Amino acid sequence: MSTAPKTWKEWEKPLIELEEALGKLQELANRATGTERDRLLEKIKGFEKRRDRYLDTKYHNLSAWEEVLLARAEPRPYTLDYINALFRDFIELQGDRRHGPDNAILGGPAFFNGQRVMVVGHQKGRTISERTHRNFAMSRPEGYRKAIRLFEMADRFNLPVISFIDTPAADPSVESESRGISEAIAASMLSMFELRVPTIAVVIGEGGSGGAIGIGIGNKVLMMEHAIYSVIPPEGCAAILWRAPERGAEAADALRLTSRSALELGLADEIIPEPRGGAHRDPAVAAESVGAAIQMHLDQLCKMSPDALKQHRYERFRSVDGLREASPSDLPLGK
Amino acid sequence: MRLGAKSKTPTFSDAFLQCARCKKTLFRREFEANLSVCPYCSHHHRLSAAQRIAITFDVDSFVELDSDLASDDPLSFPEYSEKLAGAVAKSDRLDGIVCGTATIGKLPVSIAVSDFGFMGGSMGRVAGEKITRTLERGADRGIPSIIFCASGGARMQEGLLSLMQMAKTTAAVERCRSAGTPYIAVFTDPTMAGVLASYASIADVILAEPRALIGFAGARVSKQAQVVKAPDDFQTSEFLLKHGMIDRIVPRKELRDTLESLVALLGGGK
Amino acid sequence: MSTAPKTWKEWEKPLIELEEALGKLQELANRATGTERDRLLEKIKGFEKRRDRYLDTKYHNLSAWEEVLLARAEPRPYTLDYINALFRDFIELQGDRRHGPDNAILGGPAFFNGQRVMVVGHQKGRTISERTHRNFAMSRPEGYRKAIRLFEMADRFNLPVISFIDTPAADPSVESESRGISEAIAASMLSMFELRVPTIAVVIGEGGSGGAIGIGIGNKVLMMEHAIYSVIPPEGCAAILWRAPERGAEAADALRLTSRSALELGLADEIIPEPRGGAHRDPAVAAESVGAAIQMHLDQLCKMSPDALKQHRYERFRSVDGLREASPSDLPLGK
Amino acid sequence: MRLGAKSKTPTFSDAFLQCARCKKTLFRREFEANLSVCPYCSHHHRLSAAQRIAITFDVDSFVELDSDLASDDPLSFPEYSEKLAGAVAKSDRLDGIVCGTATIGKLPVSIAVSDFGFMGGSMGRVAGEKITRTLERGADRGIPSIIFCASGGARMQEGLLSLMQMAKTTAAVERCRSAGTPYIAVFTDPTMAGVLASYASIADVILAEPRALIGFAGARVSKQAQVVKAPDDFQTSEFLLKHGMIDRIVPRKELRDTLESLVALLGGGK
């Protein structure tokens, strides 16, 4: 476990070499003619097959820790990438009516396949200045309070809510505590439970504990294939349990934080498959899959009455851990 | 009831103990008569769930429910089973939340008390379930719910299942709101992280004991994230009151009366 | 008008002299015997009659400006005085769940004649340090947001709302503006319009513009005899209109800010009579009158259904200015 | 309709005028084609209600309503009748609020536009009534309401009757909320005091033009109350955005499109 990678780029190394080789072959092929050209094209096909095989093998067998690194990778599509690809006429509304704007959570009404919806999501940044501007997608209390405003508006105007989750955690600074980050997260969840419109939460990257579930109360909770969802960052878990933050890979395994685990545990409703090699290799295809999944669930949910939607959401989270009807005999330690 | 069968107060000898804060030597009898509050520095020492129930609700009114719900190890998390077994053996209880019904000033209430002694009062599936049932009982029976919080946060050994308890318990608060039944939370030392960021912070009325540790982020995380230097009272009851997050700081000896009045005033049901 | 008093103490001067004389006579009478004693007691009676006549005459004929000065007088009973006199088991709840406590507006549940109610009110201070602590009863945004919390709680738990109004104005500081004092006042009014429990507002002293009406949306709006209710402080009005803040007395007249004017204009529902010489001369009697008035209106309102209460409140403020059904012919300038 | 019969832009000569902010000389034709925004410093000059309606809503879609509601002098306030008569004569209107129905992107909306030129857009009984009717029309017809604010605040010459307009207009906002019809406010220069502290601030969506003056307290009051020095952008659109009180600052040339999208997105009725 001491050989656990530190970044997703480590396992992309062979890939980069392969693709460099591919590039050179393509150049040669472009200049070649006749059988030489045919030979080169054949070789290219072979290399492409090897690349695809590598991607297939690797990306279907990532360790939990590798999934963590991948979920955090900068080239992955972020909330605004999905909004741009899938939504039309998005109008960001910024006011929390309390303190100020929050750039780590954004939201507003938009058209999704012609349907009026409210979209809310964490937003990461790619460049250093973007990341700072977005506070690394760590929302402060005002982000959740803005989200509450948008949820309530969605309820009044009958707009389904789509939320995109992608945050390492809520902002844990002194300022955030001063303004009640805990209350803001709890109140945001409470507000989502009160809604009488469909809510769909999509974990697109990092589902980081309270900061994530704060906008995650969906009638349906979907996860991208390479997204994670965890009660604590694995490094933090390792630090607390073993006083060894470097044992994050072990903690990642133990925490069962991958999309597959979440599905198995019944905590996610669907995994959205990503293109070969991850969403960042083909964001357009990734967005298409996300859009299709949202549309499918939206169609189902829109058939339900407002009261039924609220009750459905309650039932979903009430029963999610299988304990609702638990009696002593259900549980190993029960007497 | 196995309430507090093995509960302990900070020991020194049988007749004496030392204040955890000012370190003065205290007569155990006096200390306990004073509700485990130091007579010198008024430090509010932690109470077991049994002690808390005894000093808060009408004598013999508590009926424990759901005591047979036992934590298990759904993820086969390293070392968790052993820790859990240890906590169970030490406390002779199956989980850190003690819940049920009681009366206060003769009025019925649905209550839950968290015992920090049981794995730091951390919220796993069973703790979340017991909190949820407590709030649902309040809503269903049309009576107020009272929850004494004491927790380090979510129980990470249950992974995402623990995180889901934040949502589940919040859903139960929503049930109380819909039913029009009051929910009163009392923050005791410590009330942290996943518990604070879910059912605890959205109670109708929030009381706190003096100088309790209350916060979102653990001290370590918080320190890393500090651009602004934390004030001296950071993450205390006093800090939260100053920032509008709680309604009153109530010394332990007045807590019972305050709760009794609140229950009578906010009533049950619509 | 240049001789307008600067403080209510000016017209109490003759009174103070009278009462000093009374005190001396009483002392003499205590030591005297026989006819001398009878003579002194007779004289005392005469003096008392004169005092009462002076009070009756003066306090039934105060100018608008004198009403302003009296409404602001420190010995007048404040919200907490009424709470202590009329309510039992008041538990102040301080959190706004956003920023911090506000000492200019306080509130919490209490028993009123055995009935569970929610009481909210502006609170002034008498000593310099109290006044500073209470910010001169000028509430900041957090005061109104705390009030909203209490109103919503009252609605959930079916507690009638009693509000006591006594503020020169909402706090106009840079900090208040930063945290949205305007939004807070408006949202507080909005929240009161949403309530399905009875609401009774009592203007006990200064009803100062937006700061006052922010918690003033009562099914019934009562005014103490010597309370005022105004869109702007008369000094401010004079400053804007005539660039002469010293012409406050004139502005007070023009603004029609007395309880009698408010009743005549249909903007107050009842005037609560004060004891001879004003509430401060006998706070216990004043409180009794306030309590009786509240109880009377409460009894009436409690007979109405939740929906009817909300509708009643809407109708009251919708129609308060007589314009609802206005057509051109109703108005002098109409064509 | 007598819309803007006598409305004026800052004059210099017939063909030229001077920017109120940067003082540069501007071609009137260019200036008006640019929606009265200075091409040099992008200062957004005030618009009359007529101009605002012309550049915002679908051509010829505006139907004025309640234009015959006339302000009067209910308190016989000194000099008020004269001032009112003057404002009426100057504007050839009976009040500063112009309201009615229109379409935007072919969708019907209930609208009100405040004209700062009419006694500083101050809110008396009639202005409050027209705002209220506008919002009620939105609620009753199940269509969005759009209000362009421009006001110094309550009209003190109508005393407590003006203050009551804060409550009345707020009650109308509540009707929109109950009906589920959207209400969009646009803050233009200036939006102050009693207007800001009532219907304006509780719109579902709040847009503002750049650098508009927006605040609770008049500059004089505010200065007296200042313990903290006011920042340079105090009481501007930018200040309000920075403090979360509005949703977007929208340059005038994008305003129409933004409103059109919002109306389509937030829809009408449940």
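Letters A, B, C and D mark the chains as written, and numbering starts fresh at 1 in each.
Here is the rule we use: a contact is a pair of C-beta atoms (placed from the backbone, for glycine too) under 8 Å apart; a residue touches a chain by one contact, two chains touch by 3 or more.
Please read these numbers as outputs of a predicted model, since none were measured by experiment.
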Centroid-based (C-alpha) most distant chain relative to chain C: A
Chain pair with more C-beta contacts, C-D versus A-D: C-D
Between chain B and chain C, centroid-to-centroid distance (C-alpha), Å: 42
Interchain centroid distance [CA atoms averaged], chain C/chain D, Å: 33
Interchain centroid distance [CA atoms averaged], chain B/chain D, Å: 52
Multi-chain contact residues (two or more partners), chain B: 177, 201, 243-245
Multi-partner residues of chain C (at least 2 other chains): 97-99, 179-180, 183, 187
Topology of the chain contact graph, where touching chains are joined (line, ring, star, complete, other): other
Chains touching one another, given as label pairs in label order: A-B, A-C, A-D, B-C, C-D
Interfacial residue positions of chain C with respect to chain B in the complex: 89, 91-101, 109-111, 116, 142, 146, 153, 156-159
Of all residues in chain B, those that touch chain C in their complex: 177, 180, 182, 201, 204-206, 241-248, 258, 261-262, 264-267, 270
Footprint of chain C on chain D - complex, ascending: 68-75, 77-79, 84-85, 88, 94, 125-126, 128-129, 132, 154, 156-168, 170-175, 177, 193-194, 196-202, 215-218, 220-222, 225-231, 234-235, 239, 243-245
Parts of chain A lying in touch with chain C, wherever the complex brings them together: 97-99, 179-180, 183, 187
Of chain A, residues touching chain B in the complex: 170-183, 185-187, 189-190, 193-194, 209-210, 212-214, 216-217, 229-232, 236-237, 239-241, 250, 254-257, 261-262, 265, 267, 313-314, 317-318, 320-321, 323-324, 326-328, 331-335
